[in-house]
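Per-chain numbering from 1; labels A, B, C and D assigned in written order.
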Amino acid sequence: MTTTFETLAGHLAEVGRHCYERGWALGTSGNFSAVLRKDPLTLAITTSGVDKGLLEASDIVAIDAQGRVVQGSGTPSAETTLHLAIVRSRGAGAVLHTHSVWSTILSEATGDGSLTIEGLEMLKGLTGVGTHAHREKLPIVENTQDWIAAAPRIEAILREHPEAHGFLIRGHGLYTWGKDLAEAKRQIEILEFLFEVMGRKRGIAWQQ
Amino acid sequence: MTTTFETLAGHLAEVGRHCYERGWALGTSGNFSAVLRKDPLTLAITTSGVDKGLLEASDIVAIDAQGRVVQGSGTPSAETTLHLAIVRSRGAGAVLHTHSVWSTILSEATGDGSLTIEGLEMLKGLTGVGTHAHREKLPIVENTQDWIAAAPRIEAILREHPEAHGFLIRGHGLYTWGKDLAEAKRQIEILEFLFEVMGRKRGIAWQQ
Amino acid sequence: MTTTFETLAGHLAEVGRHCYERGWALGTSGNFSAVLRKDPLTLAITTSGVDKGLLEASDIVAIDAQGRVVQGSGTPSAETTLHLAIVRSRGAGAVLHTHSVWSTILSEATGDGSLTIEGLEMLKGLTGVGTHAHREKLPIVENTQDWIAAAPRIEAILREHPEAHGFLIRGHGLYTWGKDLAEAKRQIEILEFLFEVMGRKRGIAWQQ
Amino acid sequence: MTTTFETLAGHLAEVGRHCYERGWALGTSGNFSAVLRKDPLTLAITTSGVDKGLLEASDIVAIDAQGRVVQGSGTPSAETTLHLAIVRSRGAGAVLHTHSVWSTILSEATGDGSLTIEGLEMLKGLTGVGTHAHREKLPIVENTQDWIAAAPRIEAILREHPEAHGFLIRGHGLYTWGKDLAEAKRQIEILEFLFEVMGRKRGIAWQQ
C-alpha cells in the first residue's frame, strides 16, 4: 500500500510491453490498470491511443473513483468505466484487457452469451481453482463504443457470474483481473492457453 | 521535412528488418519506401534483390517522380511504380509492402475482387477508424510481373476504393501506407492481426 | 554422481524456465525432477505453486524415496508420487512434466487409452529408436487430483507399456524421462514436434 | 575457394543453430554440408547425433568424394551419400537438410510422388525463378534407413526433375541446395514459407 504512483506506473508499462510482445496488445489495443490506493480509490491506468510496444510510465495516469485524472497527464482509456466497475465489484487490485487472435475468434464462435471451458488441468492456474473438474463460464458481452452507457449492463453481468475469472467482449478481447498485477498477468497467460486449446481443437477432426 | 536521405534510409532499413523478423518479408520479398521531399517529389525506396533480414541504409536509393535514381546506387524495386502511384493518389508519407503467410492465403481465398473485414475492435487501429462497426474492404489485384503496364489499373482501383487502408495482390501480399513510417508500420501490424483472425476463423467449426 | 544439490537445482530451474519460454509450462504448470543420489534414492524436485517463468534453484527441494523433504524448503509438487514411480520403474535420471497446447489437445482427441505415432523420421530422436518405421504408443491416463491413490494405476501402465518413452494425462499434458536432464529435455522437444505434426495433420484435407 | 576448413565449419555450425532456432532442425535432426574444394572434391559436413541447438565447428568433418573423413573427427551424417549425390548432380556449393512441421505434413499429404506449388509471388525467391507463374514440382522420395542402397534412386530422381529446387523425403523433411550457404539458407526460408501457406490453406474453407 506504500507503492508510489511512479513505481506502479513503471510496473504497468512493463506488463503492457510484455502483452505487446506476446501478441495480446498490438498497435494501440489493450488497456491496463492497478489500484494505487483503496481509500479514497485511486487507480493507475493507461492513457488512450498509445502504442503498447512503446508504453512508458509517463503514458499512465492516476484517476479517482469518478475517472478524473488526479496525477500525470493524458486522457484515460475510453474503457475506464469498465476498469472501475471491475475494481468495485470484484475488489480487484489490477485489471488487464487484451486483444488476442484466439480470444477474438472464440468471442465470435458461439451464438449465446458465454464461453465454457472445462476438464482441463490448466484451469487450476486460475485463482482459487483446485481441480481440472472446474467449469469456467466466461460471459461474452456485446461490443460498443459507449462504455459509460454500457456500465450498468457490465455490472449486472459481473453480479450474475460471481465465479467468472474474466469476460470476453465480442470481436474485441478479454478482461481479467487479480489481487495484484502478477496475479492478473498470470491469469491472462492461463486463459490465453485455454483459448488456444479451445480454438485449435475446433479445427481438428475429433476422433482418431 | 528536414530529414536527410541517410537518416530516412536508416529508418527504412530498420522497418524492413523488423518486417523480416515478424515473418512478413522473408528472403528478398517485400519493399519499402518513404517520402524524402514533396516538391519535387523524392522517394527513398529499397533496391531490388536484397535479403530483408540483412537490409542496410546502403540498400536504399532516392528516386524522383519518374522513378530515376537521384541518390545512392542500385536498381529501385521492380514495384516502384506502385509506390509512386500510392504516394500520388493517397498523399502517403510511407508505403510498405509485405508478403505474409496469412495475407497470401486470404488473397486467394475469395473469388471476387476484395476482402471484407468488419465488426472487429482491432479495426480501430486503422487510421481514422473510430468504431468496430467499420467495414474495411480491401481490393484484391491480380498479380503481374509488369507493374509499369499495370499502373493505370492500380490507380483506377485506388480511385474506386477511396476509403481502403491497403490492398492485396493475389498470391503475393499486402500494400499499405501511412502519413509516416510509424503509422504505416502500425497499420501492417493491425492488418496482419485481422488477416490471422480471418484465416484461423475459417479453419474452425463455427457454432459451439 | 558427485553433483551437489545446489548445482542440480540450478540445472532444473534452467530447464523449467526453458520449458516456460517454449510455452510448455505456462503459469505454475509443469514440474521437473532429477536424481541426486541413487542409494539411498534422493530426488531434486520443483516445489508446488511456483511460476515456471521465474523458477529459481531455491524453488527446488530434495526428497527421499517416501517423498519427504531432506534438503531445501517448500512443499514438493503434488505429483511427486508420479516422479518417484517413473524413477523406480524406468531407472530414469530425470523426469519432466509439461503442459503444451498440442499435448493437451491430442490427449483428448482419442477415445481409447493411447496415442500412436509412427512412420516419422523424427521418432529417431527418441532414446534407442533407430528407424522411422518405429511405432510409438503413448498411454493416455485419466486425470485426477489424487496422485497418491492413482500411483498403482500409473505403475501398472508403465509395466504394460515397457517401450513407451512417455505418457499423456488426459486434458493435462506429457510425462517423459531420460537418463539425465539433457536427454529428457531433448525427448520433450521431439515429442512436442511429433504432437504438433499429428495435431496439424488432423486439421487439413488429406489428399491433394 | 580460399576458405579454410575451420572458417567453413564455423559457418555451417551457425547455419545449423539458426535452423534449430527456427524449428527446422530440432533435437539431433537435420544435416548440413558445404563444398570446401572442388578438385579433388572435399565436403565439410555435420557429424551424426549432434544436438543442432548446440552445433559447434568441432562437430563438422571434411570428407572426400567417397565419404571418407579427411579432416576433423567424428562419423559423418548417415545421409552423406545424399549430400554427395546432390553436389555431383547439381553442382551445388551447399546442401541443407531440415525437418520442419510443415514439410513433414506436406510430404505425407499427397499420394503421388511430388508436391506442386504454383502461382505464388514468393516462388521468385527460388534461384533463377523470375515470375509467380512458375510451377515448382518437388519430388517426394520414400524414406529409408539405408541411403547408400537408395543413392541410385535419388540420382535418378534428380535427373528426372532437372528444374526442382529441392525434394522431400516422406515423413522426414526437405533437401535443398544452392551455389553457397547463403543461397541454400535463403531457399529453405522460401520453401518453408510456401509449405506453411500450402499447409494452412488446406485447413481452411476455400471460398468466402
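As a convention for this text, a residue touches a chain if its C-beta (ideal position, glycine included) is under 8 Å from a C-beta of that chain, and two chains touch if they have at least 3 such contacts.
Just so it is clear, the structure is predicted and the values come from calculations on it, not from any experiment.
**Q** Over half of interface residue numbers shared between chain C and chain D means same, under half means different, so which is it?
**A** different
**Q** Through what angle, between 0 and 180°, must chain B be rotated so its C-alpha atoms fit those of chain D, rounded to a multiple of 5?
**A** 90
**Q** Please tell me the distance, in whole Å, between the geometric centres of chain A and chain C computed from their C-alpha atoms.
**A** Roughly 32 Å separates the two chain centres.
**Q** When the C-alpha atoms of chain B and chain C are each averaged to a single point, how far apart are the two points in Å?
**A** The computed centroid separation for chain B versus chain C comes out at 45 Å.
**Q** Using the touch definition from the top, which residues of chain D touch two or more other chains?
**A** Residues 203 of chain D each touch two or more of the other chains.
**Q** Which pairs of chains touch one another in this structure?
**A** Every pair of chains in contact is listed here: A-B, A-C, B-D, C-D.
**Q** Which part of chain D faces chain B closely enough to touch in the complex?
**A** 119-122, 124-125, 130-133, 182, 186, 189-190, 193, 196-197, 200-201, 203-208
**Q** Flag every residue of chain C that touches chain A in the complex, lowest number first.
**A** Touch residues, chain C against chain A: 23, 26-29, 51, 99, 101-102, 104-105, 108-112, 143, 145, 169, 171-173, 199, 202-203.
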